[in-house]
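Okay, got some structures for you below.
Across the two complexes that follow, chain A remains constant while its partner is chain B and subsequently chain C.
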Partner chain A sequence: MATSTKPYIVLIDDDITEDQPLIGYLHREYGASNVFLFQEPTEGIRFIEANLAKRIIVLLDIMFGEKAQGFDVFDRITEKSKLVCFIVMTGNLEAVSKRELQRLVNRHAWYIVQRDKSAKEILALINEAETHLMMRVDGALEEWILRHGPDEQQKPFIKTRGGESYSLADILLSLRTGENEAIGQEMAADILAVAIDLLVRDKSRIGKDNLAGSKESK
Partner chain B sequence: MLNIIIASDDIDTTIGTNCVLACQHLHNAVDLSIQNVTLLNGYLCTPVEVEKAIVSFDQQRFILVAYSHGTEDTLFSTAAGNGYVSLANAYQFATSLVYTVSCWSGVKLKHELIKHGCHGYVGYVDRVKVPENETDELLFIECENKGLVHLLTTGASLTESVEEMKRYYRKQYDELIDQEMYAVAGPLLHNLGALTFYDYEALTRSELESH
Partner chain C sequence: MAGKLKWRFDASTFKLLGRGLITDRITAIYELVKNCYDANSTEVEVAFSRVEKRGPHGIITIRDNGSGMSLADIRDKWLVVGTASKRTSPKSPAPFNRRYIGEKGVGRFATDKLGGHLRILTKRAQDAKVLNVIINWSAYEGLTYEHQAKSQQLLFTELENEYSYTEDDGLLPDGHGTALIITMLHEAWDKEMLLRLENQLGRVLPPVFKIVPPFDIHLSAPTADIKKRLVKAEPIEQLATVHVSASFNQKTGEQGILHFDGKSQKFIPSYVEKEIFGPVSMDFYYFDADALKAFKAKYKKTDNYIEGVKIYRDGVICTPFAEFESGLDTRRDVLGIDKRRYQEAFDKLNTRQFIGIIHITKDNNPKITDATNRQDFVDNPAYRRLKEFIIEQIDELAKYKKDKKKDENTRVQSNLKRASADVKEVSRTLTQLVKERPELKDVLAPAIARAKDATEKVSEGAKESADSAKDFQRKEALYLSLMSLQDFANELAHGIRFALAPAKQGAEFFIDFFPDPALNDTFLRYAHLIFNQTETISSLVDFMLSYAQVDIEDSEFQIKELLNGVMNGAYAIIFEKEGIRTELAIKDNIELTGKRKFLEDVLSNLISNSIKALRHEPDKKILCETYADKDSLNIVFSDNGTGVDSKIKGRMFEMFKTTTAEEGGAGLGLFIARSRMAALNGSIELVASAFNPKGAGFKLTIPLKKQ
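Moving on, here comes the complex of A and B:
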């Protein structure tokens, strides 16, 4: 279930410009066509909402001028999708109120970082976020669904004897928003159960030789 | 002779075809031609028709096989939205084996049936998922019918039949894993985990026939 495509890296920050080293690093690592910079929060929101079908890592500044508009971006997107990975930057971590911090944590901001980090440090964080996205079962399921064409996604995929029928698109929506009786989360849990079952019951499927090798090396 | 009611909501828009396939599978797997079978499908799948069939069995033991939707306290159909089996008529199943593939009925209805003297129950305590792809759908149906088929074609008890059913689920699951069909294997494993049963005292086919 390894991912096959690079995620979109979306930067929403009025202090970052195209000529800064971070943008150059990101272009090299993720490809220029996968990196998007928005200095206006509303434009960033619009772009993310239009691209929820992609895996997205957002590098989000909290302060825009004197206003903490970053929270609005965070709230607006996390209401629609829980699969967008946020790295939240703030000029002064101590200045983030308890309530705001609670909001970020409760809605699963992946990382909250002081904005004076170097471009390389930020890049390393984005790399970690990418790994985090790849390791998530719901993310893997999302990507598996997205490998199907749009027509295929609309076809009924699974039904229940409780009266529901779901297409892959329904499951995708559910993964992101919890809608559709949480079938997306349920499917992700089913797949996780398979992985656990394989690990517990049949170790050879995860590489008996490798396990033996690692034992010898100790 | 066995007294059997097969309730099949074959006009349901979501699972109607699945009910037909499940019914067909049962008929192919077990020779029911000389048994006393009452098929309650379509608009006949109501509590009134269920009661008529039970009365016709004249207090002899019987099997209710239910291919339909379910909730925690009902087995319901297009014709009977409030349930053709529910907490309200659970007392009518005192001499029966209830074998259902419906969602959720293992949560409450099972216990109500047992309270009223039901001899055996097989069902599920969660959503029962079924793939829309027909090949996979048939595989799921084979698993779901396995316990009943085993009970009716061998001398095994209900408990032994359900154990065989669980083994069969596992076997099919392993084959899906071998084919790397994890998105189908997951729901099958989920269904197996939701399976629940009750066997009053090692109910067998002959006991269902002889009373």
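Moving on, here comes the complex of A and C:
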């Protein structure tokens, strides 16, 4: 299952400075070493791309000066991986056009929040996003793959009925971008289906097994 | 127990199809005429007889010389509800090669919209006799009620229709074709409605479009004083002020669009990537006031001839073909052109100022499909984009209109002036004449009096026109400033929200964690932050309020006096205290009309920035130069301070962008300066300082004439 380490909280926002209380709150909640602030969108992108292996929640501003560069960040990252969670912060929710909202929703922005909401409301959203990341089978699968060494990731791992062979790295790419015939998504769906099937068949046994399992792991 | 269940249709299904789907009578006729087209007719006659009153005497006949139908055709196709029978080819046989347009197989129910009784007479070239079929919609209705009264069920499929063969009595002169004779009309047709129908039928095929073999529609309504005549579109397009077209470039795969170039005042061909709705070709005809007048003089009572955009598929109209409503408010506006005009502004075109003809094809624009009621297309992304696209084209036409309107105003003004001079001249000549030939005085007296009167009236008229033009300009200026105020309010509200967020979250931190000795430093930091943020909000509110305080009326002032007042008056003491040497170099002293306070605000903000930038400079200097060029006054304000941090150069005029945070800069000064300059219709930009490479320079530009 997913590890209990804290996710990276990445703020990409040119209106937030290190001395702001929101950062103070985030430091308390996630630890200063897990909170990263970038006022330059490109620096933010670079950081995220270099840390795709981590669970990342991004607090993203849309307007950088008069340019809506936030969308570029969003597009750039979601192209690389759909497993990064975005919370979009905006000064003026009414000013976000319908089309832009559609784009955010279609590409799974986790939430869109007005920036003068209380820190606790914003933290609650981050918390929700964190839970969401932990609960996602594909997210868990991603973490599990990343626990394997680079060499191991390159070895053939699974063979489909059609005879295609995929390595863990292929599956990882698929999980993030839907490439490789969506083998990653298919695996995640299968795992979920098996889990549900097991649960439905014999609840008591699942409970016992789990208990036994957790004892063993201790 | 198990079994199988079947669909059944109640006998009243025909009402649902005929009256529910076909929304108006013109649409009904159009549906039937469309069937004639598909039957390869070269001629159709739509005849109305005694239709002025509704009742048993009225007859509508739609007769074509098409291929006709056999009994099997009637039984297996005409009487089968659903999509049209499967066709082996999408086009009719040569020489016609017509793309079939009747699609959904409900056209025949249109006859029920028109009248309660239908007789079909049809004959193929090879048949000896004419096949007669009677469809008695009214009787269906009667039967339905009868059965209902007896609590019995009557199914649609059980309804029976009589047929027989009769001799060819000359109704089908070409020896083949189909005639639909509709009686027991539901509604009366007055002449206006018939003319409207004629106009609409004239546009079933696009104007200036010949098809071979022809498809001629004739209309006759003798009792309404309309003798049999060929329906053809009036060549109203010829009266248009301007005609622009654009089409798809097959070679490059690019879509042509309308583009009006303001500089050359011409439409210049322009191309964009292929759109999702597929390739289209378009013709737009714009009618200015003169053209509309000429049009009205020629075609009386036909105000709905010019009615915006029509879309033709494979050369036959699809929408909107039958705007039943003559009232403007109830009229259909499928593309939403008028709706938009009322919502937005003055310069948009309305549908009565232009004709737009858009050609699509079934093969190349497969995503644009008819709605079942024939009045619109099925809503989907492609159609939505097509609507947007059409409106973009109309907006280009509107640019042309706007441009011409400007010309027109100038022309009217100069004509009036000239007329005024001419009249004066006449008056003067007459007076001169009387002086030289006093004997003519009595004879010419009335003429002189009248000429004087005319002179006065014309100059009065010219003055009035000039006044109203000025008034219009003044109003326009006011609208402009109101618009920018709106943007402004938005920007300010946005700014306040930004300033508020950290203050709010800081206070929240206190509520959550106070007291905690371990966090004392943080508390102090956040307390400062809250204080600073509220200061910023105060300045923003002051700035906003200043708009309420400043006299909105413009005043006249001299630039020299204003600069002196600021540099040597208000700030003299501060400059002295800070040890700043100032110099004013005024090359052109110009009298300005405008909001004096705004310009003072701009200078104050620049000065306060300079004071901060000069703090660590031993030899502090500020230089303010002004000069005028052809159409603007320029003020260049320079200091020899630290200059602008290159990191924020691109964004320095935005709110909260500052490099003087330590000196208490909230990042509002340049934002205010820019806003004020915008309110003066002017601009501010960063230029090289007069003390280059040291310091910063700002150039203020104020237009001397109204743009």
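Throughout what follows, the second predicted complex is superposed on the first by the 202 of 218 C-alpha atoms of A that agree within 3 Å, B and C clash if a C-alpha of one lies under 4 Å from a C-alpha of the other, contacts with A are read in each partner's own complex, and residues count from 1 in each chain.
The rule is short, and it goes like this: a residue touches a chain if its C-beta (ideal position, glycine included) is under 8 Å from a C-beta of that chain, and two chains touch if they have at least 3 such contacts.
Note that the structure is predicted; figures quoted are calculated from it, not measured.
S.K.: Using the superposition on chain A, tell me whether chain B and chain C clash or fit.
M.R.: fit
S.K.: Scan A:P156 for contacts with chain B and chain C and give back first, second, both or neither.
M.R.: In the superposition, A:P156 touches chain B alone.
S.K.: When the two structures are overlaid on chain A, which partner does A:L22 contact: first (chain B), second (chain C), both, or neither?
M.R.: Touch partner of A:L22: chain C, not chain B.
S.K.: Touching A:E179, do we find chain B (first), chain C (second), both, or neither?
M.R.: After superposing on A, A:E179 lies clear of both chain B and chain C.
S.K.: Under the stated touch criterion, which partner chain does A:D190 make contact with: chain B (first), chain C (second), both, or neither?
M.R.: It touches chain B, and chain C stays clear.
S.K.: For A:E49, decide between first (touching chain B), second (touching chain C), both and neither.
M.R.: In the superposition, A:E49 touches no partner, neither chain B nor chain C.
S.K.: Which partner does A:G91 reach: the first (chain B), the second (chain C), both, or neither?
M.R.: Second partner only, chain C.
S.K.: Determine, under the contact definition given at the top, whether A:E164 touches first (chain B), second (chain C), both, or neither.
M.R.: First partner only, chain B.
S.K.: Please work out how little space separates the C-alpha atoms of chain B and chain C at their nearest point after superposition, in whole Å.
M.R.: 27
S.K.: Quick check on the complex: what are the chain B residues that touch chain A?
M.R.: 12, 14-15, 18, 68-71, 101-104, 127-132, 177, 182-183, 185-187, 189-190, 193
S.K.: Give the list of chain A residues in touch with chain C in this complex.
M.R.: 15-16, 19-22, 24-25, 65-66, 91-92, 95, 114-116, 118-120
S.K.: Under the definition above, what is the set of chain A residues touching chain B in their complex?
M.R.: 1, 141, 144, 155-165, 186-187, 190-191, 193-194, 197-198, 205
S.K.: Which residues of chain C touch chain A once you look at their complex with the stated criterion?
M.R.: 490, 493-494, 497-498, 500-502, 504-506, 508-509, 512, 522, 525-526, 529, 650-651, 654, 656
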